[in-house]
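Going by the order they are written in, the chains are A, B, C, D, E and F; count residues from 1 in each one.
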Amino acid sequence: MNQVPDEGMVLVPGGSLLTKTPEEGRALALTLARHTIHNIQPDLDVLKGGRPNCSTTPGSLTAAAHVVAIEFQTIAAANNYWRS
Amino acid sequence: MNQVPDEGMVLVPGGSLLTKTPEEGRALALTLARHTIHNIQPDLDVLKGGRPNCSTTPGSLTAAAHVVAIEFQTIAAANNYWRS
Amino acid sequence: MNQVPDEGMVLVPGGSLLTKTPEEGRALALTLARHTIHNIQPDLDVLKGGRPNCSTTPGSLTAAAHVVAIEFQTIAAANNYWRS
Amino acid sequence: MNQVPDEGMVLVPGGSLLTKTPEEGRALALTLARHTIHNIQPDLDVLKGGRPNCSTTPGSLTAAAHVVAIEFQTIAAANNYWRS
Amino acid sequence: MNQVPDEGMVLVPGGSLLTKTPEEGRALALTLARHTIHNIQPDLDVLKGGRPNCSTTPGSLTAAAHVVAIEFQTIAAANNYWRS
Amino acid sequence: MNQVPDEGMVLVPGGSLLTKTPEEGRALALTLARHTIHNIQPDLDVLKGGRPNCSTTPGSLTAAAHVVAIEFQTIAAANNYWRS
């Protein structure tokens, strides 16, 4: 099996939900979602095989954006919405 | 590749979840959702190719509205629901 | 293009999440969801073309009710659940 | 059109999210979900035409249970989870 | 009609969201989800007819797990996450 | 029936939502989701039969990641987002 590299398997890269800015928090939300996928399916060839479909059909893109929105909700709360 | 312009790739345009009004907060929710899509699929031609389907079938419109509702939930909490 | 009238494009009609009663809050939830759809797809003919399907198939109705439930969650929190 | 009776069109029957018990709160969650559907599709014949499908296929039942779970989340928070 | 037994129709068995342990809270989440289904579709024969499909296809299992996750979110909040 | 081993049937392994790190919290989120599936469908042969499909199609992976995101939201709140 051609496996996802080790750093792609870390569930929470950086080990914290706290970020300096909303932009970084949003990037972390994207990363969390991707690394979950890596952990459920660590075979790179299977992942890449599915990718064209996943990132081209509108339904798949919206479903992925939905997951990012939920991860961001958690991260934003963790950071008190970067209010101050 | 014909890429999404740079400003469309910023995850949190303006760099803050705080807005003056609910109307602006709602507009930000729409923007966050769109820019997530741009980051997952930055090829404009693929995005535009899928768009007719995405914004015409009722299921796709409802799925998109669902994502906006969740983004707005986060933004509304960040702004203490614009209560005062 | 036969566009949605201007008032249907306002994202948060009334400009506030605060309502006097749960009933009004619920009506606002329905409105928020509809106006998001208008903003994503402002062509009335496309919207009306899809509507028969959207409001007749059980899956579409449940999906729409799901979005309303989330919008209402935000509005109810904004109003402290109309407790007092 | 054979319309849903007036009482089925009230969005929040009783006009409050507060209930005496979790059981009543759960019943209210089911009612909120149903009345949303009535408001989106007030034609009883269309609703009844779709019902066999909606309440027999597992996917539809799970989707409906999902909406009820979210409505209940709001109602439970409104009632401070009936803790005391 | 061969109906779900009376105890399966109670929406919140035990009448409370409070449990001694996370394990019991999780079991309650599963029960809440199942009893909602019973209330929407109280015909045991229809329910059992759909069950093979519901609990064997991956999509249905994931959709059911999604509902349980939301019910548990409510129950965990009600119990202050069993922190002390 | 070739059943899921007993430890796979425990709904909340370790009996607590509290973890030392976000990484462990994320791993718990994955476990909670998997063990729910085990409880709904405890037949290992059925589970393994569905697994190739579940972890290879992009839609299934995204749906699974969605559930993990919600479980993590609960666990992160329980741990006060590991802020201090």
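Some observations on this one:
FYI, a contact is a pair of C-beta atoms (placed from the backbone, for glycine too) under 8 Å apart; a residue touches a chain by one contact, two chains touch by 3 or more.
The model shown is predicted, which means the values in this text are computed figures rather than measured ones.
Graph distance from chain D to chain F, where chains that touch are one step apart, equals 2.
Homomeric contact chain A/chain B: same residue numbering on both sides for under half of the interface positions. Chain B and chain D carry the same sequence, and matching their CA atoms takes a turn of 120 degrees, rounded to a multiple of 5. Between chain C and chain F, the centres computed from C-alpha atoms are 33 Å apart. Chain centres here are Cα averages; for chain A and chain F they lie 17 Å apart.
Touching two or more other chains at once are residues 59, 63-64, 66, 70, 73, 77 of chain C. Shown here, the protein chains touch around one cycle, each chain meeting exactly two partners. Considering their complex, residues 21-23, 25-27, 30, 55-59, 61-66, 68-70, 72-73, 76-77, 81-83 of chain F touch chain A. Residues 10-12, 15-18, 32-33, 36-37, 39-41, 46, 49-51, 53-54, 59-60, 63-64, 66-67, 70-71, 73-74, 77-78 of chain E are the ones touching chain D in the complex.
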